[in-house]
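For reference, the structure is listed below as C-alpha coordinates.
A, B, C and D are the chain letters, set down in written order, and residue numbers restart from 1 in every chain.
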Amino acid sequence: MSGTATILYFAALRERIGRGSETVPLTADVSTVGDLLAERRRQDETLEDVFAQPGRVRVAVNRVLGDLSTPVHAGDEVAFFPPMTGG
Amino acid sequence: MSGTATILYFAALRERIGRGSETVPLTADVSTVGDLLAERRRQDETLEDVFAQPGRVRVAVNRVLGDLSTPVHAGDEVAFFPPMTGG
Amino acid sequence: MTGAAHTAGRIQVRVQSDPFDVGHETARLLGLEDGTGGISSFMGIVRGGNGLVALELEHYPGMCEDALTVLAEEAFSRFALIGCTVIHRVGRLLVGEPIVLVLAAAAHRAAALDATHFLIDRLKTGAPFWKAEEFTDGQRLWVESRSEDEAAAAGW
Amino acid sequence: MTGAAHTAGRIQVRVQSDPFDVGHETARLLGLEDGTGGISSFMGIVRGGNGLVALELEHYPGMCEDALTVLAEEAFSRFALIGCTVIHRVGRLLVGEPIVLVLAAAAHRAAALDATHFLIDRLKTGAPFWKAEEFTDGQRLWVESRSEDEAAAAGW
(Lines give C-alpha, C1' and ligand atoms only; values in the text may rest on other atoms or scores of the structure.)
Protein backbone atom coordinates (compact mmCIF):
# COMPACT_ATOMS: atom_id res chain seq x y z
CA MET A 1 0.00 0.00 0.00
CA SER A 2 1.24 3.49 -0.74
CA GLY A 3 -0.01 7.07 -1.10
CA THR A 4 -0.97 9.63 1.50
CA ALA A 5 -3.89 10.62 3.70
CA THR A 6 -4.89 14.09 4.84
CA ILE A 7 -5.46 14.49 8.56
CA LEU A 8 -7.54 17.41 9.89
CA TYR A 9 -7.82 18.64 13.48
CA PHE A 10 -10.59 20.95 14.70
CA ALA A 11 -11.40 23.21 17.66
CA ALA A 12 -9.60 22.44 20.95
CA LEU A 13 -7.66 19.59 19.31
CA ARG A 14 -6.42 21.88 16.56
CA GLU A 15 -5.30 24.48 19.09
CA ARG A 16 -3.50 21.98 21.33
CA ILE A 17 -1.74 20.32 18.40
CA GLY A 18 -0.89 23.69 16.89
CA ARG A 19 -1.96 22.90 13.32
CA GLY A 20 -5.19 22.23 11.47
CA SER A 21 -4.04 19.73 8.89
CA GLU A 22 -1.18 17.54 7.74
CA THR A 23 -0.58 15.14 4.89
CA VAL A 24 0.99 11.86 5.94
CA PRO A 25 2.23 8.80 4.05
CA LEU A 26 0.15 5.67 4.52
CA THR A 27 2.42 2.75 5.40
CA ALA A 28 1.57 -0.91 4.84
CA ASP A 29 0.81 -1.24 8.58
CA VAL A 30 -2.09 1.22 8.44
CA SER A 31 -5.48 -0.10 7.42
CA THR A 32 -7.79 1.61 9.96
CA VAL A 33 -8.20 4.92 11.78
CA GLY A 34 -6.86 3.19 14.90
CA ASP A 35 -3.69 2.09 13.05
CA LEU A 36 -3.14 5.57 11.66
CA LEU A 37 -3.60 7.29 15.01
CA ALA A 38 -1.27 4.83 16.80
CA GLU A 39 1.43 5.39 14.19
CA ARG A 40 1.12 9.17 14.32
CA ARG A 41 1.30 9.14 18.13
CA ARG A 42 4.54 7.11 17.97
CA GLN A 43 5.99 9.53 15.39
CA ASP A 44 4.96 12.86 16.95
CA GLU A 45 5.39 13.79 20.61
CA THR A 46 2.79 16.57 20.49
CA LEU A 47 0.16 14.17 19.15
CA GLU A 48 1.13 11.63 21.82
CA ASP A 49 0.64 14.28 24.53
CA VAL A 50 -2.64 15.61 23.19
CA PHE A 51 -4.30 12.26 22.56
CA ALA A 52 -3.08 10.96 25.95
CA GLN A 53 -5.21 13.66 27.67
CA PRO A 54 -8.63 12.63 28.86
CA GLY A 55 -11.50 13.89 26.72
CA ARG A 56 -13.66 12.35 24.09
CA VAL A 57 -12.49 12.49 20.48
CA ARG A 58 -14.66 11.98 17.41
CA VAL A 59 -13.41 10.93 14.00
CA ALA A 60 -14.73 11.32 10.47
CA VAL A 61 -13.35 9.65 7.34
CA ASN A 62 -14.15 11.45 4.13
CA ARG A 63 -16.62 13.63 6.07
CA VAL A 64 -18.63 10.71 7.46
CA LEU A 65 -18.49 9.91 11.19
CA GLY A 66 -16.53 6.75 11.94
CA ASP A 67 -14.54 5.17 14.74
CA LEU A 68 -11.16 3.54 15.32
CA SER A 69 -12.13 0.53 13.20
CA THR A 70 -13.09 2.55 10.12
CA PRO A 71 -10.85 1.61 7.13
CA VAL A 72 -8.41 4.22 5.78
CA HIS A 73 -7.21 4.26 2.16
CA ALA A 74 -4.83 6.42 0.14
CA GLY A 75 -6.40 9.78 -0.62
CA ASP A 76 -8.75 9.71 2.36
CA GLU A 77 -9.49 12.74 4.53
CA VAL A 78 -9.39 11.75 8.22
CA ALA A 79 -10.61 14.34 10.73
CA PHE A 80 -10.27 14.31 14.52
CA PHE A 81 -12.33 16.65 16.67
CA PRO A 82 -14.09 17.04 20.05
CA PRO A 83 -17.81 16.27 20.47
CA MET A 84 -19.78 18.74 18.36
CA THR A 85 -21.43 21.76 19.99
CA GLY A 86 -23.49 23.49 17.33
CA GLY A 87 -26.79 25.32 17.57
CA MET B 1 -85.22 43.54 39.39
CA SER B 2 -85.15 45.87 36.40
CA GLY B 3 -82.86 47.16 33.66
CA THR B 4 -81.65 45.54 30.48
CA ALA B 5 -79.02 43.12 29.20
CA THR B 6 -77.26 43.15 25.85
CA ILE B 7 -77.31 39.87 23.97
CA LEU B 8 -74.71 39.19 21.22
CA TYR B 9 -74.75 36.43 18.61
CA PHE B 10 -71.70 35.40 16.59
CA ALA B 11 -70.82 33.42 13.45
CA ALA B 12 -73.35 30.79 12.32
CA LEU B 13 -75.72 31.72 15.17
CA ARG B 14 -75.67 35.38 14.13
CA GLU B 15 -76.41 34.48 10.52
CA ARG B 16 -79.27 32.11 11.37
CA ILE B 17 -80.86 34.58 13.79
CA GLY B 18 -80.38 37.45 11.35
CA ARG B 19 -78.93 39.93 13.82
CA GLY B 20 -75.76 40.32 15.86
CA SER B 21 -77.11 41.99 18.95
CA GLU B 22 -80.24 43.01 20.84
CA THR B 23 -80.99 44.79 24.08
CA VAL B 24 -83.66 43.09 26.18
CA PRO B 25 -85.38 43.96 29.45
CA LEU B 26 -84.48 41.74 32.39
CA THR B 27 -87.64 40.55 34.11
CA ALA B 28 -87.84 39.42 37.71
CA ASP B 29 -87.95 35.79 36.52
CA VAL B 30 -84.48 35.97 34.99
CA SER B 31 -81.51 35.34 37.24
CA THR B 32 -79.30 33.08 35.08
CA VAL B 33 -78.25 32.61 31.44
CA GLY B 34 -80.60 29.62 31.30
CA ASP B 35 -83.56 31.75 32.47
CA LEU B 36 -82.75 34.48 29.94
CA LEU B 37 -82.46 32.05 27.05
CA ALA B 38 -85.69 30.24 27.95
CA GLU B 39 -87.56 33.55 28.14
CA ARG B 40 -86.15 34.79 24.80
CA ARG B 41 -87.06 31.49 23.09
CA ARG B 42 -90.65 31.83 24.33
CA GLN B 43 -90.79 35.44 23.09
CA ASP B 44 -89.12 35.05 19.67
CA GLU B 45 -89.96 32.34 17.15
CA THR B 46 -86.64 32.71 15.26
CA LEU B 47 -84.66 32.18 18.46
CA GLU B 48 -86.85 29.17 19.32
CA ASP B 49 -86.12 27.67 15.87
CA VAL B 50 -82.37 28.34 15.94
CA PHE B 51 -81.75 27.14 19.48
CA ALA B 52 -83.91 24.05 18.86
CA GLN B 53 -81.42 22.92 16.18
CA PRO B 54 -78.78 20.47 17.21
CA GLY B 55 -75.28 21.94 17.61
CA ARG B 56 -73.20 23.00 20.53
CA VAL B 57 -73.58 26.57 21.77
CA ARG B 58 -71.12 28.41 24.01
CA VAL B 59 -71.97 31.38 26.20
CA ALA B 60 -69.94 34.21 27.69
CA VAL B 61 -71.16 36.73 30.26
CA ASN B 62 -69.24 40.01 30.27
CA ARG B 63 -66.65 38.38 27.99
CA VAL B 64 -65.92 35.46 30.31
CA LEU B 65 -66.99 31.94 29.33
CA GLY B 66 -69.93 30.66 31.36
CA ASP B 67 -72.81 28.21 31.13
CA LEU B 68 -76.58 28.11 31.63
CA SER B 69 -76.19 28.52 35.40
CA THR B 70 -74.08 31.70 35.18
CA PRO B 71 -75.90 34.65 36.89
CA VAL B 72 -77.16 37.53 34.76
CA HIS B 73 -77.58 41.07 36.07
CA ALA B 74 -78.76 44.39 34.64
CA GLY B 75 -76.12 45.85 32.34
CA ASP B 76 -74.51 42.50 31.54
CA GLU B 77 -73.32 41.52 28.05
CA VAL B 78 -74.39 37.96 27.28
CA ALA B 79 -72.93 36.37 24.12
CA PHE B 80 -73.99 33.15 22.40
CA PHE B 81 -71.72 31.52 19.80
CA PRO B 82 -70.61 28.19 18.29
CA PRO B 83 -67.44 26.42 19.50
CA MET B 84 -64.44 28.60 18.67
CA THR B 85 -62.31 27.84 15.60
CA GLY B 86 -59.33 30.18 15.66
CA GLY B 87 -55.76 29.67 14.56
CA MET C 1 -45.37 44.13 41.41
CA THR C 2 -48.57 43.39 39.55
CA GLY C 3 -48.75 40.89 36.73
CA ALA C 4 -49.26 43.68 34.23
CA ALA C 5 -46.20 45.64 35.43
CA HIS C 6 -44.10 42.50 35.52
CA THR C 7 -44.90 41.68 31.91
CA ALA C 8 -45.00 45.24 30.52
CA GLY C 9 -43.57 45.21 27.01
CA ARG C 10 -42.92 41.47 27.25
CA ILE C 11 -46.36 40.24 26.23
CA GLN C 12 -47.95 41.53 23.05
CA VAL C 13 -51.40 40.54 21.87
CA ARG C 14 -53.00 41.97 18.74
CA VAL C 15 -56.12 41.28 16.68
CA GLN C 16 -55.94 43.00 13.31
CA SER C 17 -56.96 42.75 9.67
CA ASP C 18 -53.56 43.95 8.41
CA PRO C 19 -50.74 41.54 7.62
CA PHE C 20 -48.00 41.07 10.22
CA ASP C 21 -44.22 41.13 9.76
CA VAL C 22 -42.41 38.08 11.16
CA GLY C 23 -39.00 39.75 10.88
CA HIS C 24 -40.15 42.82 12.78
CA GLU C 25 -41.81 40.78 15.54
CA THR C 26 -38.75 38.54 15.92
CA ALA C 27 -36.45 41.58 16.14
CA ARG C 28 -38.64 43.09 18.85
CA LEU C 29 -38.34 39.99 21.05
CA LEU C 30 -34.62 39.74 20.29
CA GLY C 31 -34.16 43.25 21.68
CA LEU C 32 -35.79 42.53 25.06
CA GLU C 33 -32.74 41.27 26.91
CA ASP C 34 -29.35 39.56 26.75
CA GLY C 35 -30.56 36.43 28.52
CA THR C 36 -32.50 35.18 25.50
CA GLY C 37 -31.10 31.96 24.04
CA GLY C 38 -33.87 31.13 21.61
CA ILE C 39 -36.98 32.44 19.88
CA SER C 40 -39.50 29.97 18.56
CA SER C 41 -42.45 30.80 16.32
CA PHE C 42 -45.45 29.35 14.56
CA MET C 43 -47.31 30.99 11.70
CA GLY C 44 -50.68 29.61 10.61
CA ILE C 45 -51.60 29.98 6.93
CA VAL C 46 -54.85 29.61 4.92
CA ARG C 47 -54.27 26.14 3.46
CA GLY C 48 -55.57 25.60 -0.09
CA GLY C 49 -57.28 22.50 -1.42
CA ASN C 50 -60.80 21.22 -2.24
CA GLY C 51 -61.60 24.44 -4.06
CA LEU C 52 -61.10 26.71 -1.07
CA VAL C 53 -60.72 30.37 -2.08
CA ALA C 54 -60.65 32.24 1.21
CA LEU C 55 -61.48 32.19 4.89
CA GLU C 56 -63.63 34.80 6.56
CA LEU C 57 -62.45 35.26 10.16
CA GLU C 58 -65.04 36.64 12.58
CA HIS C 59 -64.20 37.54 16.17
CA TYR C 60 -65.71 38.89 19.38
CA PRO C 61 -63.98 42.25 19.83
CA GLY C 62 -62.76 42.81 23.36
CA MET C 63 -63.28 39.26 24.59
CA CYS C 64 -60.81 38.08 21.95
CA GLU C 65 -58.00 40.30 23.19
CA ASP C 66 -58.84 39.39 26.80
CA ALA C 67 -58.73 35.64 26.07
CA LEU C 68 -55.44 35.90 24.15
CA THR C 69 -53.88 38.00 26.93
CA VAL C 70 -54.87 35.46 29.59
CA LEU C 71 -53.42 32.71 27.39
CA ALA C 72 -50.17 34.60 26.75
CA GLU C 73 -49.79 35.34 30.48
CA GLU C 74 -50.29 31.67 31.26
CA ALA C 75 -47.58 30.69 28.75
CA PHE C 76 -45.29 33.44 30.05
CA SER C 77 -45.27 32.18 33.63
CA ARG C 78 -45.62 28.46 32.88
CA PHE C 79 -42.60 28.36 30.54
CA ALA C 80 -40.60 31.16 32.27
CA LEU C 81 -40.59 33.16 29.04
CA ILE C 82 -38.64 36.35 28.42
CA GLY C 83 -41.27 37.55 25.98
CA CYS C 84 -44.16 36.35 23.89
CA THR C 85 -46.32 37.67 21.07
CA VAL C 86 -49.68 36.54 19.71
CA ILE C 87 -51.12 38.20 16.59
CA HIS C 88 -54.35 36.98 15.01
CA ARG C 89 -55.81 38.37 11.82
CA VAL C 90 -59.54 38.81 11.12
CA GLY C 91 -61.56 39.53 7.99
CA ARG C 92 -61.30 37.84 4.60
CA LEU C 93 -58.01 36.01 4.01
CA LEU C 94 -57.08 34.32 0.73
CA VAL C 95 -55.42 30.92 0.37
CA GLY C 96 -51.72 31.32 1.17
CA GLU C 97 -52.21 34.29 3.49
CA PRO C 98 -50.93 34.12 7.08
CA ILE C 99 -53.68 34.03 9.74
CA VAL C 100 -51.90 33.80 13.05
CA LEU C 101 -48.42 34.32 14.46
CA VAL C 102 -47.18 33.11 17.82
CA LEU C 103 -43.64 33.79 19.10
CA ALA C 104 -41.93 32.85 22.35
CA ALA C 105 -38.50 33.97 23.59
CA ALA C 106 -36.79 32.07 26.41
CA ALA C 107 -33.37 31.41 27.91
CA HIS C 108 -33.40 27.84 26.56
CA ARG C 109 -34.77 26.26 23.42
CA ALA C 110 -37.11 23.69 25.00
CA ALA C 111 -39.09 26.38 26.84
CA ALA C 112 -39.47 28.51 23.71
CA LEU C 113 -40.56 25.53 21.59
CA ASP C 114 -42.98 24.16 24.19
CA ALA C 115 -44.53 27.59 24.78
CA THR C 116 -45.13 28.04 21.05
CA HIS C 117 -46.80 24.64 20.80
CA PHE C 118 -48.92 25.38 23.89
CA LEU C 119 -50.02 28.79 22.60
CA ILE C 120 -51.13 27.62 19.17
CA ASP C 121 -52.90 24.53 20.52
CA ARG C 122 -54.83 26.49 23.13
CA LEU C 123 -55.58 29.41 20.84
CA LYS C 124 -57.44 27.15 18.38
CA THR C 125 -60.35 26.52 20.74
CA GLY C 126 -59.80 29.04 23.55
CA ALA C 127 -60.31 32.43 21.91
CA PRO C 128 -63.53 33.66 20.29
CA PHE C 129 -62.69 33.40 16.57
CA TRP C 130 -64.84 31.66 13.98
CA LYS C 131 -63.92 30.73 10.41
CA ALA C 132 -66.21 30.53 7.39
CA GLU C 133 -64.82 28.85 4.25
CA GLU C 134 -65.49 30.26 0.78
CA PHE C 135 -65.20 27.87 -2.18
CA THR C 136 -64.76 28.35 -5.93
CA ASP C 137 -68.36 27.17 -6.52
CA GLY C 138 -69.63 30.01 -4.33
CA GLN C 139 -70.48 27.81 -1.36
CA ARG C 140 -69.81 29.26 2.09
CA LEU C 141 -69.49 27.00 5.13
CA TRP C 142 -68.73 27.64 8.78
CA VAL C 143 -65.82 25.51 9.99
CA GLU C 144 -66.86 23.08 12.73
CA SER C 145 -64.53 22.82 15.69
CA ARG C 146 -62.44 19.68 15.28
CA SER C 147 -62.37 17.16 18.11
CA GLU C 148 -58.62 16.73 17.62
CA ASP C 149 -58.13 20.47 18.20
CA GLU C 150 -60.15 20.28 21.40
CA ALA C 151 -58.08 17.26 22.47
CA ALA C 152 -54.81 19.07 21.68
CA ALA C 153 -55.91 22.08 23.72
CA ALA C 154 -56.98 19.89 26.64
CA GLY C 155 -53.64 18.05 26.54
CA TRP C 156 -51.78 20.97 28.14
CA MET D 1 -37.30 10.44 -9.07
CA THR D 2 -34.20 10.83 -6.96
CA GLY D 3 -34.25 12.28 -3.47
CA ALA D 4 -32.44 15.36 -4.67
CA ALA D 5 -34.92 16.00 -7.50
CA HIS D 6 -37.86 15.39 -5.20
CA THR D 7 -36.64 17.98 -2.71
CA ALA D 8 -35.22 20.50 -5.20
CA GLY D 9 -35.88 23.98 -3.86
CA ARG D 10 -37.65 22.55 -0.82
CA ILE D 11 -34.63 21.94 1.36
CA GLN D 12 -32.14 24.75 1.95
CA VAL D 13 -28.99 24.36 4.00
CA ARG D 14 -26.47 27.17 4.44
CA VAL D 15 -23.38 27.78 6.56
CA GLN D 16 -22.39 31.44 6.52
CA SER D 17 -20.82 34.23 8.55
CA ASP D 18 -23.39 36.81 7.43
CA PRO D 19 -26.62 37.42 9.35
CA PHE D 20 -29.80 35.78 8.06
CA ASP D 21 -33.23 37.32 7.50
CA VAL D 22 -36.10 35.50 9.21
CA GLY D 23 -38.74 37.39 7.23
CA HIS D 24 -37.11 36.54 3.91
CA GLU D 25 -36.69 32.85 4.78
CA THR D 26 -40.28 32.60 5.98
CA ALA D 27 -41.58 34.24 2.80
CA ARG D 28 -39.58 31.79 0.68
CA LEU D 29 -41.21 28.77 2.38
CA LEU D 30 -44.63 30.46 2.20
CA GLY D 31 -44.26 30.70 -1.58
CA LEU D 32 -43.59 26.99 -2.13
CA GLU D 33 -47.18 25.81 -2.43
CA ASP D 34 -50.84 26.31 -1.50
CA GLY D 35 -50.96 23.21 0.68
CA THR D 36 -48.95 24.79 3.50
CA GLY D 37 -50.95 25.25 6.69
CA GLY D 38 -48.13 26.23 9.03
CA ILE D 39 -44.52 27.32 9.25
CA SER D 40 -42.64 26.80 12.46
CA SER D 41 -39.21 28.19 13.31
CA PHE D 42 -36.52 28.28 15.92
CA MET D 43 -33.74 30.85 16.12
CA GLY D 44 -30.80 30.28 18.46
CA ILE D 45 -29.13 33.36 19.92
CA VAL D 46 -25.82 34.00 21.76
CA ARG D 47 -27.12 34.14 25.34
CA GLY D 48 -25.39 36.64 27.64
CA GLY D 49 -24.47 36.12 31.27
CA ASN D 50 -21.42 35.30 33.44
CA GLY D 51 -19.34 37.88 31.59
CA LEU D 52 -19.72 36.30 28.15
CA VAL D 53 -18.79 38.69 25.34
CA ALA D 54 -18.92 36.53 22.21
CA LEU D 55 -18.86 33.04 20.77
CA GLU D 56 -16.38 31.93 18.13
CA LEU D 57 -18.02 29.32 15.91
CA GLU D 58 -15.66 26.93 14.12
CA HIS D 59 -16.87 24.38 11.59
CA TYR D 60 -15.65 21.64 9.27
CA PRO D 61 -16.35 23.04 5.79
CA GLY D 62 -17.99 20.54 3.51
CA MET D 63 -18.81 17.95 6.16
CA CYS D 64 -20.95 20.55 7.90
CA GLU D 65 -23.15 21.16 4.87
CA ASP D 66 -23.33 17.40 4.23
CA ALA D 67 -24.41 16.64 7.80
CA LEU D 68 -27.04 19.41 7.79
CA THR D 69 -28.40 18.24 4.44
CA VAL D 70 -28.74 14.65 5.67
CA LEU D 71 -30.49 15.95 8.78
CA ALA D 72 -32.85 18.21 6.78
CA GLU D 73 -33.69 15.34 4.41
CA GLU D 74 -34.47 13.10 7.36
CA ALA D 75 -36.81 15.74 8.83
CA PHE D 76 -38.37 16.33 5.41
CA SER D 77 -39.45 12.72 4.92
CA ARG D 78 -40.09 11.86 8.56
CA PHE D 79 -42.50 14.77 9.13
CA ALA D 80 -43.86 14.93 5.54
CA LEU D 81 -42.68 18.52 5.23
CA ILE D 82 -43.41 20.85 2.33
CA GLY D 83 -40.12 22.65 2.86
CA CYS D 84 -37.39 23.17 5.39
CA THR D 85 -34.45 25.50 5.90
CA VAL D 86 -31.38 25.26 8.12
CA ILE D 87 -28.96 28.19 8.34
CA HIS D 88 -25.99 28.14 10.72
CA ARG D 89 -23.61 31.03 11.22
CA VAL D 90 -19.87 30.69 11.84
CA GLY D 91 -17.16 33.07 13.00
CA ARG D 92 -17.27 35.50 15.92
CA LEU D 93 -20.77 36.31 17.16
CA LEU D 94 -21.53 38.82 19.94
CA VAL D 95 -24.04 38.32 22.75
CA GLY D 96 -27.54 38.87 21.34
CA GLU D 97 -26.63 37.85 17.81
CA PRO D 98 -28.54 35.01 16.11
CA ILE D 99 -26.50 31.83 15.52
CA VAL D 100 -28.86 29.39 13.92
CA LEU D 101 -32.23 29.38 12.17
CA VAL D 102 -34.39 26.34 11.50
CA LEU D 103 -37.73 26.54 9.67
CA ALA D 104 -40.23 23.85 8.72
CA ALA D 105 -43.33 24.21 6.53
CA ALA D 106 -46.04 21.53 6.63
CA ALA D 107 -49.71 21.01 5.90
CA HIS D 108 -50.51 20.80 9.61
CA ARG D 109 -49.10 22.53 12.67
CA ALA D 110 -47.97 19.48 14.65
CA ALA D 111 -45.67 18.29 11.84
CA ALA D 112 -44.08 21.73 11.45
CA LEU D 113 -43.55 22.13 15.20
CA ASP D 114 -42.20 18.62 15.70
CA ALA D 115 -39.82 18.93 12.74
CA THR D 116 -38.43 22.20 14.11
CA HIS D 117 -37.83 20.62 17.51
CA PHE D 118 -36.22 17.56 15.90
CA LEU D 119 -33.93 19.67 13.70
CA ILE D 120 -32.60 21.89 16.46
CA ASP D 121 -32.11 19.00 18.90
CA ARG D 122 -30.22 16.88 16.39
CA LEU D 123 -28.22 19.78 14.99
CA LYS D 124 -26.68 20.53 18.41
CA THR D 125 -24.62 17.35 18.48
CA GLY D 126 -24.90 16.02 14.93
CA ALA D 127 -23.13 18.59 12.77
CA PRO D 128 -19.43 19.52 13.04
CA PHE D 129 -19.58 22.91 14.75
CA TRP D 130 -17.60 23.89 17.83
CA LYS D 131 -18.06 26.93 20.06
CA ALA D 132 -15.42 28.80 22.02
CA GLU D 133 -16.61 31.32 24.61
CA GLU D 134 -14.91 34.70 25.06
CA PHE D 135 -15.32 36.46 28.41
CA THR D 136 -14.89 40.07 29.59
CA ASP D 137 -11.77 39.05 31.55
CA GLY D 138 -10.14 37.83 28.34
CA GLN D 139 -10.58 34.13 29.09
CA ARG D 140 -11.42 31.87 26.16
CA LEU D 141 -12.98 28.44 26.74
CA TRP D 142 -14.19 25.71 24.40
CA VAL D 143 -17.77 24.73 25.17
CA GLU D 144 -18.07 21.10 26.29
CA SER D 145 -20.88 19.11 24.75
CA ARG D 146 -23.70 18.89 27.29
CA SER D 147 -25.03 15.48 28.23
CA GLU D 148 -28.59 16.88 28.11
CA ASP D 149 -28.03 17.93 24.48
CA GLU D 150 -26.81 14.46 23.61
CA ALA D 151 -29.84 12.98 25.39
CA ALA D 152 -32.21 15.36 23.53
CA ALA D 153 -30.67 14.38 20.19
CA ALA D 154 -30.89 10.68 21.02
CA GLY D 155 -34.55 11.06 22.04
CA TRP D 156 -35.68 11.31 18.43
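Keep this in mind: a residue touches a chain if its C-beta (ideal position, glycine included) is under 8 Å from a C-beta of that chain, and two chains touch if they have at least 3 such contacts.
Just so you know, these numbers come straight off a predicted model, no measurement behind them.
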item	value
Most remote chain, CA-based centroid, reference being chain C	A
Between chain B and chain D, centroid-to-centroid distance (C-alpha), Å	50
Centre-to-centre distance between chain D and chain A (centres being mean Cα positions), rounded to whole Å	27
Separation of mean Cα positions, chain B and chain A [Å, integer]	76
Junction residues of chain A - those touching two or more other chains	87
Overlap residues in chain C, where contacts from two or more other chains coincide	44, 109, 120
Chains touching one another, given as label pairs in label order	A-D, B-C, C-D
Complex contact set, residues of chain C against chain D	21-24, 26, 30, 34-45, 47-49, 95-96, 98, 107, 109-110, 112-113, 116-117, 120, 152
Chain B - residues contacting chain C, complex	8, 10-12, 14, 56, 60, 63-64, 79, 81-87
List of chain D residues in touch with chain A within their complex	44, 58-60, 62-63, 66, 88, 99-100, 120, 123-132, 142-146, 149-150
